[in-house]
Amino acid sequence: MTFFYLAPWIVFFPVIGLLVNIIFGGRFSEKVIGMAASLASGLAFVVSVLLAYSLTQHPEAVRWTIGEWIHIGTLQLDWTFRVDTLSTTMMLVVSGVGTLIHIYAIGYMREDVRFKNDLKRFRRFFVFLNLFIAAMMILVGGDSYLMLFVGWEGVGLCSFLLIGFWYEMDTLGRPSWANSNAAKKAMIANRIGDFGFLIASFLMFWAFHSLQFDQVFQQAPAIAASNPGLITAITLFLLLGVTGKSAQIPLFVWLPDAMAGPTPVSALIHAATMVTAGVYLVTRSAALYVTVPAAQFIVAMVGALTALFAATIAVGQYDIKKVLAYSTISQLGFMVAGVGMGAFAAGMFHLITHAFFKGLLFLSAGSVILGMERGHHHLAHHSPLSPHPRPLSQGERGEGAREDAGHREEAFDPGDMRNMGGLRKTMPVTFWVYLTGALALAGVFPFAGFWSKDEILANAFSGGFSAVYWLLTIAAFFTAFYMGRQIWMVFFGKPRHEAAAKAEESPKVITIPLMVLAALSVVGGALNLPGVETLTKWLEHTVEFIEPGEFVMSVALTSTALALIAIFISWLLYGREPLKAGEADPLKKMFGPIFTGMERKWFVDEGYKALFIDRYVDITRFTADVIDWKFWHDWFHEKVIAGAYNWLSNVMLNRYADQRGIDAFFNGLGEWTKNAAAGLRRFQNGFVRSYALFVLIGVVAILGYLLLK
Amino acid sequence: MIPINYYIALSAILFTIGALGVLVRRNPLIIFMSIELMLNAANLAIVAFTRVYQILEGQIFVFFVMTVAAAEVAVGLALIVAIFRTKHSINIDEMNNLKG
Amino acid sequence: MPPLNFSIILPLLVLTVWACLLLLVDLFVKNKGITALLAALGLAISLGITLSQVGATGTSFNNMVVLDGFSTFVNALLLVSGLFGIALAYGYVKRMGIERGEYYTLLLFSVVGMMLMAQAADLIIVFLALEMLSIPLYVLAAFARPNVNSEEAGLKYFLLGAFSTGFVVYGIALVFGATRTTSLAGIVSAANAASSGTSSLLLLTIGSALILVGLGFKVAAVPFHMWTPDVYQGAPSAVTAFMAAGAKIAGFAALLRVFSLAFPSLASDITPIIAVISALTMIVGNIIAIAQTNIKRLLAYSSIAHAGYILMAFVPYGQKGVVATSVAAGLFYLVSYALTNFGAWAVVIALEKAEGNPSTGSGQRGLEIADYAGIGRKHPALAAAMTVFMFSLTGIPPTLGFVGKFYLFRAAIAGQFYLLAVIGVLTSLISAYYYLRVVVTMYMREGEPETTSEPWLNLTWGLAAVLTVIVSLVPAPLFDWASQAVLKLF
Amino acid sequence: MEFILQPLTLMTFFPLLGVLVLLFIPGDKKNALRWTALIASLITFLISIWVLTMFNASNPDLQLVAKYNWITVAGWNIQYYLGIDGLSILLVLLTTFLSPISILSTWTAVEERVKEFLLFFLLLEVGMTGVFLAQDLFLFYIFWEFTLVPMYFLIGIWGGPRRIYAALKFFLYTMAGSILMLLAILWLGIYQGTFSVPDLIAKGGIDPHTQLWLFIAFAAAFAIKVPMWPLHSWLPDAHVEAPTAGSVILAGVLLKMGTYGFLRFNLTLFPQAAVQAAPVIAVLAVIGIIYGAAVSYAQADIKKLVAYSSVSHLGFVMLGLFALNPQGIQGGILQMINHGLSTGALFLLVGMIYEQTHTREFKVYGGLWKVTPIFGTIFLIVSLSSMGLPGLNGFVGEFTILLGAFGSTVLNSPWYAGFAALGVIMAAVYILYMFQKMFMGPEGSIVEEVRKHGHALRDLNWREIVTIVPLLIFIFWIGLYPAPFFHLMAPSVDKLTAAFQAAALAMR
């Protein structure tokens, strides 16, 4: 029994969910809104499971068309869903993790909207979240590159909306353009990547005359044989798209800023699902990549470099979410490197485990932040949470903005690790799940991360990508170190701020999803254990170039050892002697400028601003104000064209000439030449004689022409 | 017999003198006389041609021209008188109310 | 000698007799309005006769006058112009305090001269007709005496008109010298006989050029146009309106007939001259108009510019295959110009006020473009009509001016005068600039304009506006008539 | 009677009936006037739907032809000739669709001289519909020039502070181009003996050199109207000063007359010249895309930003048309519709907020999403459509255009589309900038400013929502299921491109 006909419902359910919330949400209570949205996502998960089940019966890809899209000549695009093992894997991850995060968000957003004083936005959040699930499902479920692109841009939009969710403030709740800037930055960085995607799709269409996966892949070997440069170009342009969406060098800069969004968003979109779309894309295009090893190498190097680069930055961060953000970039680098090397199974495997543990870490971080906020509120208002925040009266609202700016100047940052410490005691559940996630991320045996990361490393090691191997290994070392640093700083030692001391554990709606994810982070490795290779075999039905990864003991031992060493060092620095309030980071004391570099993200943002953004603004300003307006609009059209007419008109009327001339004209032939110019100009001056003169000039000219011709 | 070209030359000279007279004089009466000179230059030419070609048509034309010139004189003088009444001057260079 | 066939000039004759009688009758009529109506009746009768002659042809007076489709067309147009001229003057002269019976008689005589011009088949007649139409106009221009502007206009027109007549006469003399005849038919055969390079050919060429100058003066072609703005401004508006249409129609009628009948052999010499004059006229007229602030001067320059457009129809006069269409185009354009012109002047008259000091001529109000502010709101119908006229003069559909230009440019292109056509359209563009300024002032600026509402005046602009639009949509009959009119010419 | 009842004639001239009725309603009965005009335009829209039902999408030729001899004397061969085919049907529908919407948008925005406004508006509708239907060059030119007149008044009387300047500039610019076209039309009429477009196409046989000159003359008119870079200087003035409904129609329909002109006349009448000129036009189009996008970003005035974005968007259309392959041309036609919907909607929205705030300076805006959530959300959707987000209409057009241009055998270089695709990035930059500056960030000073005058800034009311929702429906419809739209045009476009293959062959 197969359920392939249900495929479109992976999109329809979330869409129905969001429509219900848009239309009726105004009358729903927060709980109902959250339930409706979670249900929509959950049903999508159920469908995904049914599809996966169906695939076990019938492992070949099934295409399910629901409508015609663009048919022009040879361009034949339909709304077709593709159910195969790869897409279903992604669907399961997206809807599964997504549903958990929906549930978590019910609790999280309930508090968040109260802290930020806008209850109406609760509904909006779940609408966006459902929209995201829908877009992501289109991305992974599409049967052609263009349908994939629809989802690709759709999730970009959701990312924009959710990063800019609190668009009128910064992360600390002060009135500011910061959050909206972050949102815009994300969307534009993604668009740059999308440019690559578009060009790739054009190349692909005119090479293969199709954008449908099967048709493209079938012809790939033939085209690669005749015109390998073309395939290289396609794959590299796709890579540009990947760097945008999956935050790789050089377009990774948007992801850290994306932490401006509410924490469930960071978890869902900017860690677990959307950012992995690039990895999915490369895996999906495996048939293209395998034909051009040079491109593969470039992809792998981009991934590896990103992995290391981002890992170093993560070491220097103080914001709990920023650490995780850079860690995400780094881990995405692992995945991209993996799929770049052709280790598609390893990449996908890491994608899945990463979704578990990074989702977990973000959500836990959110729990920490909420705990800190609760503590802070406790201090400020002596009542933890007023169920109904004081509504602002009409008169106050306008003043509010300025007042806020004033008194929130020393705003409390609930996400700053320097304010934390000792949360292990006040938030025990959060501590334990966070620790699980951290160990998984650090790649400690036998947590999920260990297996997936090792598979990538092993592939690099044995596949002849030694540079990649070393870059990734060093990155792995840093990973363990910064996670260690975070754990020590957040959960151990003594509270460095009173809010941390008063922090409270989160409600069950938050902690239960955390526990589920924690469990998955522990056992996730079982998906593709060496030798068993469940995932690889599963994907084999779709990605024919997949090879079972081998387990290289030396690699596993090296990385485990490095991870343990890194954790130990972090204990030496942060655990043995916990940081005190106001104290500088020990690394800063030791490495000074290098640490500043890490802390300041190696000045990449500043560099981009100076090199590209400011230049773009300058160029557009210059084009608009000087070239288009001053020169073209004002000068050319007004002065030159209109001015010339008016000038001519006035000259012909003698408005500018003096009035003497006509007599001088006849005072002697000698004067004639002298005054000729002036005389000719005194046209319409009211004198009969000069009018007659003109008649005569006309006659002379005509006769002269006739006689001299 | 005097060649026809002499007549034509004379009439051309008279015509030119007349035309230049229009340009240089300020008194409308004299301008008017200059115009008469131009017309008579034409008359001279026509009469000369008629004489050479021995056809009458041209001579009729001369009479017409003379008649019409007389009519013009009547109208012109009336205009000049009317202007003199209003402006007490007939200097045409003072007549430039209308310009531009 | 063949018997005189008076039916050839019957409309003309009737009108002349009627005008003479009117001169007498006027002595006994107190109410000058009746004189006006009688004059109009005369024109109407003559028009009736003219229309009954459609299709008829013939010559008379020893082949000195001719009746053909062309003359019938032009005569009808001239008579209608006369009617419009009277309609405009009817209330205007009263309002301005210059109501005298001679006005209408002079107007009739001028129309007679114009009609004779259209029928002339001999240079002598051309000259006579020219004077006959001009002399009444000199008087009419000065009709508002003792208004100094009007007198100045009259004298200027007179002096320069007489000056230009001198050229025509001299030109005729030279042509006569070259061809031994003044008959148009005789000239063409003589000219064909004259071998090139002979002195008689030179005389002929120079003579024709001088005739061109004289007629160019009448139609206000550059560089013989300088009188136009001053005279148009100074003369009473009703006179200007009539002069602008009638004298131009007659002048072009003569040009078309004289040159296409008598001088086709000179085309290679004359065509470039006309082309240059046409181009200059379009350019100068349109460009100077930009700087005008007085509506009468603006329309004067506009009239100069339109002379340039009509001349364009005339440029390919020596090309056998094209000349018929192009002359037809010229005729058609004359109709469209006359109609629009009367409408526009009617609006000018509706806004003109008698106030001011008549002896200095200053202080006349209602003649600056700025005085048109706010009409759009206060007198929507009048403003709409004026808008139609402005668009028609610019050549924007759906107005007669557009169809006329379409026809004209077609002639230029068919004659392969592409550059001239391009100058034509470009200057049309320039003209949009100042015509639109009037529209802008009417609709987009606030003001408190005062207008006069007189039945005949309202009828004039109303009818002109409606016809300008309607005929542009159904132009086929008029096209047909114009092309029929020129058929027999060639 | 047959003449009047002919569907295309009826559709074109029906608004005149509205004009007649309006003339007899006193000027102070404003609502009666508005209802009359709205109903007249709605009935026109219904007639256009009726026309659509009679339209046979599989027939590439002109349909529902109304053909009568008009001026066939004195060597003239001018016909009253209306017809509709796949190239024009969508544009006609766009026109009849946007007109009632625009009238609805003026309900409270225009309080002065309502009667005249609606008169001019209905006249404009006649002109626009006629432009898209006329198959005789003379008739076409009349409609074409005629649209100038009402638009000129709409800008000049009801516009902003510099309206007179803008109106005059609009008029002179457009006229400047069209008079050259007039000469070319005359040339065709004289030397080809007919003004009828199908006959001219059938006759063909103009030598390539002459074709090029004629092509240039026609292109002059259309390029200014589009406007193609660098002839766009009238556009920001006209848009900034025009009243909202004027901007909507200007952007929605009038600019399309330019691109439609290229499609209907330049491509069909002068195929060889089109092939020759394609690279030049494509270069200008690409410059327009990038230049328009760059200049948009640097604007301080919302309406100006939207106006310049039109330069960029229509650059896409031009690039698509001159790709001269089915993808490009169909994309180009669809993009015309898309631009009409999206930019029309943007102008409507900007007008709605302007009505309350009386300013369009970015610097006073901010944080409006919180104050006016429905408005913000609709604005967002429209903005996204304008920047070409997949799933909305703009993407379908842009993608097919770029795809077509990329593989065009005539352009024969991927660089055009490559550079044009940069415009996609730049569109995101300025569109998001616009959205951010208006709706995100801290509350702008205008919110307080408006409150000082007595009323708080309100969200959209029902009339405004009714005005905008039809546009949203199409934005989604075309984005998700553009097939019906493509089906309407496909046969005609295929016929057109077949002609190009012949022309391209003839050139070799």
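Every chain is named by a letter (A, B, C and D) in the order it is written, and numbering of its residues begins at 1.
Note that in this section a contact is a pair of C-beta atoms (placed from the backbone, for glycine too) under 8 Å apart; a residue touches a chain by one contact, two chains touch by 3 or more.
None of these values were measured; they are calculated from a predicted model.
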Per the definition at the top, count C-beta pairs in contact and tell me whether B-C or A-C has more.
B-C
Chain centre (avg CA) closest to assembly CA average -> D
Averaged over CA atoms, how far is the centre of chain B from the centre of chain C? Could you give it in whole Å?
25
How many angstrom lie between the CA centroids of chain A and chain C, rounded to a whole number?
75
Chain C and chain D have mean C-alpha positions lying a whole-number Å distance apart equal to 43
Where the centres are mean C-alpha positions, what is the separation of chain A from chain B, in Å?
93
Return the residues of chain B touching two or more other chains; collapse runs of consecutive numbers into ranges.
19, 22, 31, 92, 95, 97-100
Among the residues of chain A, pick out those that touch two or more other chains and give their numbers.
653, 684, 686, 688, 692, 699
If two chains touch, include that pair; go through all of them.
A-B, A-C, A-D, B-C, C-D
So in the complex, which bits of chain C are touching chain A?
155-156, 159-160, 163-164, 167, 202, 205-206, 209-210, 212-213, 216-217, 222-224, 226-227, 229-230, 269, 272-273, 284, 287-291, 430, 433
Would you pull the chain A residues touching chain C in the complex into a rising list?
645-646, 648-650, 652-653, 655, 683-684, 686, 688, 690-692, 694-695, 697-699, 701-703, 705-707, 709
For the complex, which residues does chain B have touching chain C?
4, 8, 11, 15, 18-19, 22, 28, 31-32, 35, 38-39, 41-43, 45-46, 48-49, 53, 55, 57-58, 60-61, 64-65, 68, 71-72, 75-76, 78-80, 82-83, 85-87, 92, 95, 97-100
Show which residues of chain C lie in contact with chain D when the two form their complex.
325, 328, 376-377, 380, 391, 396-398, 402, 406, 409-410, 413-414, 418, 421-422, 425-426, 428-429, 432-433, 436-437, 439-440, 443-445, 475-476, 479-480, 482-483
Counting only contacts in the complex, chain D reaches chain C at residues 70-76, 113, 116, 138, 141-142, 145-146, 148-149, 152-153, 156-157, 163-164, 167-168, 171-172, 175-176, 179-180, 182-183, 186-187, 189-190
